[in-house]
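Letters are used for the chains, namely A, B, C and D, taken in the order the chains are written, and counting of residues starts over at 1 for each.
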Amino acid sequence: MAHSVAILGASGYTGAELVRLIATHGDMQIAALSADRKAGQAMGDVFPHLRHLDLPVLQKIDDISFDGVDLVFCALPHATSQAVIKALPSHLKVVDLSADFRLRDEADYVKWYGGQHDAQDLQKTAVYGLTEFYRDEIAAARLVAGTGCNAATGQYALRPLVSEGVIDLDHIIMDLKCGVSGAGRSLKENLLHAELSEGYHAYAVGGTHRHLGEFDQEFSMIAGRPVQVQFTPHLMPTNRGILATVYVHGDPAQVHDVLTQAYAAEPFIDVLAFGQHPSTRHVRGSNFCHIGVVGDRIEGRAIVIAALDNLTKGSSGQALQNANLMLGLPETQGLMLAPVFP
Amino acid sequence: MAHSVAILGASGYTGAELVRLIATHGDMQIAALSADRKAGQAMGDVFPHLRHLDLPVLQKIDDISFDGVDLVFCALPHATSQAVIKALPSHLKVVDLSADFRLRDEADYVKWYGGQHDAQDLQKTAVYGLTEFYRDEIAAARLVAGTGCNAATGQYALRPLVSEGVIDLDHIIMDLKCGVSGAGRSLKENLLHAELSEGYHAYAVGGTHRHLGEFDQEFSMIAGRPVQVQFTPHLMPTNRGILATVYVHGDPAQVHDVLTQAYAAEPFIDVLAFGQHPSTRHVRGSNFCHIGVVGDRIEGRAIVIAALDNLTKGSSGQALQNANLMLGLPETQGLMLAPVFP
Amino acid sequence: MAHSVAILGASGYTGAELVRLIATHGDMQIAALSADRKAGQAMGDVFPHLRHLDLPVLQKIDDISFDGVDLVFCALPHATSQAVIKALPSHLKVVDLSADFRLRDEADYVKWYGGQHDAQDLQKTAVYGLTEFYRDEIAAARLVAGTGCNAATGQYALRPLVSEGVIDLDHIIMDLKCGVSGAGRSLKENLLHAELSEGYHAYAVGGTHRHLGEFDQEFSMIAGRPVQVQFTPHLMPTNRGILATVYVHGDPAQVHDVLTQAYAAEPFIDVLAFGQHPSTRHVRGSNFCHIGVVGDRIEGRAIVIAALDNLTKGSSGQALQNANLMLGLPETQGLMLAPVFP
Amino acid sequence: MAHSVAILGASGYTGAELVRLIATHGDMQIAALSADRKAGQAMGDVFPHLRHLDLPVLQKIDDISFDGVDLVFCALPHATSQAVIKALPSHLKVVDLSADFRLRDEADYVKWYGGQHDAQDLQKTAVYGLTEFYRDEIAAARLVAGTGCNAATGQYALRPLVSEGVIDLDHIIMDLKCGVSGAGRSLKENLLHAELSEGYHAYAVGGTHRHLGEFDQEFSMIAGRPVQVQFTPHLMPTNRGILATVYVHGDPAQVHDVLTQAYAAEPFIDVLAFGQHPSTRHVRGSNFCHIGVVGDRIEGRAIVIAALDNLTKGSSGQALQNANLMLGLPETQGLMLAPVFP
């Protein structure tokens, strides 16, 4: 029998992406969809690309009955998430796609997000949702915190290198390029087509992007010492895709070997042959992450490039992968859709 | 047991799209892929978005063994197709995606494509592949001729109106907008990013586009008299998508009723509520076709707008839908993928 | 000595485009820029592409001194314009870029824009700003009403045909494609990059677009009888450009002749050789309008295609051209910038 | 009287961009245009955006009479350039836009471009065309070698820092993003719209891009010791624009000060306030270069970001700026066009 799930915050892009993926999953049934401001509307009116599906009408969260629901995907904005999740019935498993439960340390949360966390007890129990590195904990968790999409990309490129000690931890530079859907469906001048298309620029330059909280937490934990990377994201005139170009000090062949071995058994993480490197075009709409390693002309320096789709592997695909684990389903179920190219 | 299929011309966009769709089909096994100039290469090298799949190496057609193969998708260029298909073993069912077998009349073929047809016997037996209107013939056919992508879009908007006699057959104007992937992966100056992006223009203006051969053949047959539509395609700075804006003389409500009833049971053709109209964004990457009808301020005139993805419903999705019928599989198998938005 | 001008509503795209053009005009000096909500900001902060220019700080309109100013460009929203212009000192010449003074008839204004006009006396004296057809009146006018960008494109394609009586006035269909900058810098969900890019759709289908008020007014006046065209605009995933594909009943060669002769002496309107047709790419960023005529395969039907840049010839370039006339300057001054391609 | 110029290789993008700029220059007359394969065609047929200009018909180079011509812009491909320039009459001043004369050292040329240089005598006398740093030599030169577009961008970000000794020369990483027009109008699969749009990837990863020859030559010369930067370009789905994100070790405030002072008097190089950084959108179609400096959260590290238009300041605009100097004209003549946004 299909597992019953609810999606809170279904009127945003990650909510819609969850519906898209679950549409061909086979063992999940969407029992409820929430969207406070659009309550009462049909999902197919809010997202006409989903109109062929038989979906529940959008509701206010307070009007949803969670009886019989097994798992909730929470695709609400930061801060709202913690309040909502705190109030959910305890029988529900929860996959949160917001930033609210990514940082385990209260002080870190305050530092990067400002203000006190509203659900500190939950914060302590939440499992960080980077599937490949927290698989067992996720399978056993009640609450999983989806990672930042940039944070996921960068960690795929770097985690095995940090844990194996093959790169200089004080010289890591991550120049990241991401599509606009990561910013959500919010009405901001800089997200308008006329402002965003046909050009590119950096943002959050100098180490102010909140996903650095995740990098700091995870890399420092793995390394057993404080690690700070340099991280500069750039906004691209595309809707989907993250490309992280990571500059490290280390032996390129060894870097490639470590990544190849680390991901050898992973269904979604694909390390290319040495010298090859990926394009965001070739993972679009899919749950795959392609990683390449190239040696620089300067000895002892390597460039690691990782590509994934921010809405899929970077967010909703990851969430579904984690939900599969939490519900005892095959991890890849519903996620083997091939990328859409061109 | 899975049906065994081969794809000839797998290095083009329609070939790759077939592989993408078959990847999650479940009951088809790709036994062979051909690409004469790229023979010997891995499909994942030619199309890195398909590298996660376990696929046969590209071969020359002459090197393929068709023993055990049930059906061949032929995604070769016009003219090449007829020669290749003529030479295929007779046990093979064939879905041709080229223009070679779309026109039943020899003279029509000569008029629109120039030169004599090389396989006139086959030409006479080929079934026109517009699934919703030739379903039974397709299920029984050995050779099905995939329609032009523009021809499919225009026919979805118009066929029921022509057959029900609710529009003036002498005043049909179809202004069509299509993405660039319909032109294939060929190296032409006007298909370069620098030439094509950030602007738009008409092409084949004045009634010279070859898909008019299909419109003339089908509409005249249905109407029982010669019917000529005006048809002007425009090239858009997008990769996928066709939007046909069709101007007809007829009662808008009646036009809407006829279309709604005609497609009521169709799994992929979705007629919107009266006054609503579609966007190519909401069918991208899927096999769905959205159709809208709006009444003009001038009485007795209606605008019918149809949207589909040229590579899916307009080409490879249609081909798979037909192949399902020919192999006795459920018609929608492998084709219920939701559109990818944004 | 340079003429002194002010631009009201300088924080929108048409305001910025005026500044861009005036930057190399040579005989205009920008004395004041207004933007109520952004008053106090530097223009180079609101539009960094203009930061190399020495421009006045943005002000509230009420704070501007119009002493010594010769002409005001009013790039304010509809309805606001009429109130502001009514209150301007009478020594000022005014070029309005809004819709407020385009319709001469009070009832027409009410019909298309709703509500009473606030400055009916001015409405009666305003000259319609389609330069090539109102040149003498514009040169003598105090207030010129800039045309709608779509309205300009369609009229360039059709006016000479209507006035020469070479087409059937009851069968005119205009299928228009336009870039997003025409919608301005407003925060609307459908103008977001993630919503707008990679697809296209029609809008204001069925004869509801306000620019029809201009078509009706002008074509009916020229023809001496009521003329209603069918007009369906489509939103394209580009920032600039309008392409109007106009379907008419008439002799194609005669249609081409009439247009060629009508525009033979025009510096900005360029009729291509018979059978050629334009692309928006080739007029982008410029004040040129390219027009092509092709005969359809159906005898007695012609397709007229016109392309211009909505922000330049369709709006701010037109405004500057009119201002040149009003100030006694050469009409083309500051407007001979070549299009930017690619 | 206007100076007479010829453009060799006028059917490429840099050739067309030269024509666009010269169109409003005022003191240059285009006497001849060459395009061997398109000889006999009108420039307006090859580039319809230039059809309003009165231009010479395209000729073969051998058919051009250089009598009366003052200066030649040579926009031919690498290797062809050296042969052609060697054969030009000696009275001609020459601005070469190819890579042929950028490297002064014969061995460097062989290393980066392969094969012997065909005009080594000229190679020794050519002046490197980075205007702001070779102004006097350019004014006195017969032959000026236009820089690589990426090489120009990177040098604007770094030269003053290298010469003032305020950064660690062994830790310079330049992550560069560029539009597709830099690759020219050549027919390559990866330049097709369907291949290039909606995604991004790195290329020439690991220190293999030929523009590194320029960086090595110039930075080593300035520093008085060998300097090797890490340089990874990325291809963006836009037509114009280069954004170089440069990671350096040095005091951010000092880095900003040095750049601000170095460019204080430059008409085209604009250093933003500390902490601000540029977008390619705001220089598009213009000869301006915007530079920003931000301090990283890691002490002693700064990020310098430079943006320019590859076809203008990175190529044809630079060429015209140099030609102005060589002809004794004001350096900025014809180059003050404001960027085109949106």
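Here is the rule we go by: contacts are C-beta pairs under 8 Å (C-beta built on N, C-alpha and C of every residue); 3 or more make two chains touch, one makes a residue touch a chain.
Not measured: the values here are computed from a predicted model.
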### Task
Consider the two chain pairs A-D and A-C; indicate the one with the greater count of contacting C-beta pairs.
A-D
### Message
Measuring between Cα centroids, which chain is at the maximum distance from subunit B?
### Response
D
### Query
How would the subunit B/subunit C interface be labelled, same or different, where same requires over half of its residue numbers to be shared?
same
### Message
On a C-alpha centroid basis, what's the spacing between subunit A and subunit B, in Å?
### Response
36
### Task
Determine the centre-to-centre distance between subunit A and subunit D, using the mean Cα coordinates as centres, and give it in whole Å.
39
### Task
Give, as an integer number of Å, the spacing between the C-alpha centres of subunit C and subunit A.
45
### Query
Taking each residue of subunit A in turn, which ones touch at least two of the other chains?
13, 181, 194-195, 197-198, 237-240, 278-279, 281-282, 284, 342
### Query
Can you list the residues on subunit C that touch subunit A in the complex?
13, 180-181, 185, 187-189, 191-198, 237-239
### Query
What part of subunit D is in contact with subunit C in the complex they form?
13, 16, 19-20, 23-24, 47-53, 181, 198, 239-240, 270, 278-279, 281-286, 288, 290, 336-342
### subunit C contact footprint on subunit B (complex, rising order)
171, 173, 175, 177, 194-195, 197-202, 205-208, 212, 228, 230, 232, 234, 236-241, 243, 245, 247, 275, 277-282, 284, 292, 294-298, 301, 303, 305, 307, 342
